[in-house]
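Here come two complexes built around chain A, the first alongside chain B, the second alongside chain C.
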Partner chain A sequence: MTPDAAIRARFQVIWPRFTLDIDLTLPGRGVTALFGHSGSGKTTLLRCLAGLERHCVGLLHFKGEIWQDSERGIFRPTHQRPLGYVFQEASLFPHLSVQKNLDYGRTRVNHAHKVSLEDVVELLGIAHLLDRMPDRLSGGERQRVAIARSLATSPELLLMDEPLAALDLKRKNEILPYLERLRDELDIPVCYVSHSPDEVARLADHIVLLAEGRVVAAGGLRETLARLDLPTAFTEDAGVVIEAVVASHDEAYHLTRLDFPGGSVVVARRPEAIGRQLRFRIYARDVSLTLTRAEGTSIINLLSATVTEVADADTPAHVLVQLDVGGTPLIARITRRSRDHLHLAPGQPLWAQIKAVALLA
Partner chain B sequence: MLVSPIQRAITEPPIVRRLLIGLTLGFLTLFLFLPLAAVFYEALRKGLGVYFAALVDPDAAAAIRLTLLCAMIAVPLNLVFGIAAAWAIAKFEFHGKSVLITLIDLPFAVSPVIAGLIYVLMFGAQGWLGPWLAAHDIKILFAVPGIVLATVFVTFPFIARELIPLMQEQGIEEEEAALVLGASGWQTFWRITLPNIKWGLLYGVVLCTARAMGEFGAVSVVSGHIRGATNTLPLQVEILYNEYQFAAAFAVASLLTVLALVMLAVKALIEWQAHQTRRAALAAKGETEG
Partner chain C sequence: MLSAVDLAAIWLTIKLATITTAILLIVGTPIAWWLARTRSRFKGLIGAIVALPLVLPPTVLGFYLLITLGPHGPVGQFTQWLGIGLLPFTFAGLVVASVFYSLPFVVQPLQLAFEAIGPRPLEVAATLRAGPWNSFFTVVIPLAKPGFITAAILGFTHTIGEFGVVLMIGGNIPEKTRVVSVQIYDHVEALEYAEAHVLAGGLLLFSFLVLLALYSRKGTRVWQ
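Coming up: the complex of A and B.
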């Protein structure tokens, strides 16, 4: 990646009880999750990128353009930045129909429309809603219209502030596939604020972990989640994300085999066709370790692995073990007693066992 | 309609209810309906001829014109001021905000006579700016500008007061959404903010107009009571009454009353409209989420 293809951000926001102080380089493509607990500063960071935060001091370069440079007194106002912003609440204009909401930003875009409205409407599946007023939409529909509205302006950067947070589980699941399509079909960088590990695992390519207004870790999603040196707040739910391909279906036992570099796992039958890409998480707590290949066990998924690192976990009873499965990292959470019992140390070959029922459950 | 247990618990026995309703009605009749009826009765007692003669009298006609002129200047001024103040208070954070809100309420608290005296103090012959104004031959006191100023002072909280809670409740989400869609602040105001506050705004304008036409105290102090020149309708009523021209006084008063009633009707209509809009929105919400 060339330096001018990326976003360079250095921000400082100082409030009485909160300070944001970050220095980041974000990739020019793909979904970057800004992940952290409430109060970690992720929304503030997003608002700084959009130019909505008045008290934000710093520097922002976007693909070679200067959007903000406080030292030189440069600040490009929000409405002149080619960005889309999706809020937690859909923020549709209640007095305008869905169609007019979509048109609202479009009439203001100066450059030739790169995105056609039909494509956006199709991408988010809202063709049947165009004539309705916003108060006639469900929460999920409203958020889809809001996303379409921001995409219709042909943004060069899409910012999303927990777009699913206000929705219940059913509506979340209804909208997630659209977000996955967005990730796969959009050619612009997306910053996605979330505090849900599941959303991040499904959608993100890169991740920025934030805590108390600072960047704790940043990088590719798989490498970053596989790290053991993250603060304990992030290791409670420790686990890795694996990108696999649907390899085969076992109709007799209603199972599906998923292949990934270095191995394969069997899970309950998936609806996806053979050859489709599929992302899934393996939680560290669902992985157990054995030195010899176990016989007579109910566990189907046995992966040959090598220990790369052992580290303390958030409780003194547990340790986290980082494994290498033919190039794919994996984390196991085991007891300290087991670690000593098995004499685990980096470089040691062993077998990782994963219960099939824990995967993609 | 369902009656919740809580509602039932606070419902009084029928006799108390009837008593309370009767008391309210009796009070209204005695202090509102009767005097109103008396105005029209007195105005028309000597016949329609006298009634209309009083209204087309040159002095009365001048008073009508001046009253309308004052309202036409004061209301737009307060409209701009009200929107600006409500916008600043609802959408920005700054020091001294609560002081500003209190200051907006000042005309409600201060007696209108004092409001008038402030202008006498400032623009009168012995006032701060009096000699300078006299030297430049600018007339403010005992002339139309003074009357307009006094009216503006007395009526400026009406629109701001109506808009502040409304805009605070609406927050800044939609404005921010418009900004990130590439709309400038001005475009956001016309296309997003204004449609959102239109009912409250109209309501405020109606109240402000009614008050601007009816103001007596402050205007009385600064007007100088020059017949046919600086008398507004309320002042004209007073003069006629003091000269024992009761039929004419009540005729002009009835005109003022009619103006007030029209404003009241418009206000009721606006409230009803806003209520309908809100109900439709709520019903639709219940439908999609229920």
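Coming up: the complex of A and C.
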């Protein structure tokens, strides 16, 4: 176990048409995205962590405590686990006001509250909703109350099951900033189930890729997304996530420079102040490679890089090339013909041309 | 307009229906909960047994209850052994019979209400530290309130309307087992149509008003 490993989970769920079989170590802080297509077992895994799945056998250690050990007949029921759970649909109690919904869990916690209700209400911006009944709230407001309700119990582990999936894009964008604040201000591990690459790229620090009830890859978001050996299902949208700092604004051309370890990119003017952290995504398909620094091109983002690995892509026509840009990994998706044409091999220095930078904010 | 005998019958009927409804809510709730949540293979069997009084002639139910509660029946011997004597032709016997007779009218609305709630609210409650009993009282009962109201009304009115079982198990003893429906029968037998009209009309009006209230109620609040 790594030093910051807090959750050790080994689960088996065997249903007639689905089997979950995983053995995982999850970090004790930060957001871990459980990512996969529908039917990959991510929600089942989350329910096993919560103790909601009664057919789940295995082992679960949380920060030194045993929550489940089927061999020894140990199973701590859900209501005795210090966790918060946010369901896909908000699941507020319809017979209770927002305030009473918030109080429901909070008043049942015996130990001292590490999180004050005022802070939670402020964090999620729901102070003006406290007296309302759930049926008088919008979908986004309901989900914010549901998140606040789970946080109000001062959980030691927060489990979120696609909390944005039931919402339209507008509501999603309304909640995402709150989730980012949550990630930055909470000191507890968060497991976040999602099938949206954008949500994962924006929120996660760690990622667990699931397919057909098994763990395909797990690790830090940056390193894991830069891997070339992921199953093809995950390589269609292959790309890396880079954490950068707003370095300078060019008011004349209305551009912003973002610095990251090993390089920088220029994007259209951002509203964020200098020094702010920003995440962006570079899709492999938006990266092209040249052996010499291209002159006379309209592409402004050119990064000096070294080839570290070349692997097959999702189609026979393409290959994925993993690059190292001064410590930051990058992936390019180019044709097999181009690979042979350029004689690409590990260790080769070249230039990566970035056609598009997708900012995640 | 109402004689003392009529008034006694009305009072006895209300007493019977109230006690029966109270017992049914206590007995019916766990049965309905079990039926709504179980995956046991005995679910069909228990459900069918509970529903039997819906289709059986009351005389059949009354007949078997009479035998079971009677001096040679197992329950009868047990009650004698306990020293409380025999239940047939007593008010207590009437209550026991009414509970069986009206059981489906209480269990089924409750079962429907519990099924409509589904497992999710209980899971939510569990993640908010509420144990099973706690969440039953703070989440299930409030959410199933319309079901409880329906169950109580149907149990109460159905007990008031019973006749066959009363005759079989209770007989016709003034102030003990002579309820309104039996009293109406007596009036008609004695050709006292005016007196029968008062009681029958009253029962008709009562039943209609109760059902009117029941069916005019707004729908169950939807789970968010």
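In the analysis below, the second predicted complex is superposed on the first by the 350 of 361 C-alpha atoms of A that agree within 3 Å, B and C clash if a C-alpha of one lies under 4 Å from a C-alpha of the other, contacts with A are read in each partner's own complex, and residues count from 1 in each chain.
Note that in this section a contact is a pair of C-beta atoms (placed from the backbone, for glycine too) under 8 Å apart; a residue touches a chain by one contact, two chains touch by 3 or more.
Computed from a predicted model, the values in this text were never measured in an experiment.
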Superpose on chain A as described above, then tell me if chain B and chain C fit or clash.
clash
Identify the partner contact of A:R149: answer first if only chain B is touched, second if only chain C is, both if each is, neither if none is.
both
Which holds for A:T44: it touches chain B only (first), chain C only (second), both, or neither?
neither
Once the structures are superposed on A, label A:F87 by its partner contacts, choosing first (chain B), second (chain C), both or neither.
both
Touching A:L52, do we find chain B (first), chain C (second), both, or neither?
both
First (chain B), second (chain C), both or neither touched by A:N301:
neither
Would you sort A:T78 into first (chain B), second (chain C), both or neither based on which partner it touches?
both
Quick check on the superposed pair: does A:S138 touch chain B, chain C, both, or neither? Answer first, second, both or neither.
first
Where does A:T256 make contact in the superposed view: on chain B (first), on chain C (second), on both, or on neither?
neither
Using the superposition on A, tell me which residues of chain A are in contact with chain B and, in the other complex, with chain C.
50, 52, 78-80, 83-85, 87, 89, 91-95, 104-105, 108-109, 135, 149-150, 153
List the residues on chain C that touch chain A in their complex, please.
120-121, 123-132, 134-135, 138-139, 142-143, 145, 221-224
Chain A contacts chain B in the complex at 50, 52, 78-80, 83-85, 87, 89, 91-95, 104-105, 108-109, 133, 135-139, 146, 149-150, 153, 159
Chain C-touching residues of chain A, taken from the complex the two chains share
50-52, 77-80, 83-85, 87, 89-95, 104-105, 108-109, 134-135, 142, 149-150, 153
Quick check on the complex: what are the chain B residues that touch chain A?
173-174, 176-185, 187, 191-192, 195-196, 281, 284-285, 287-289
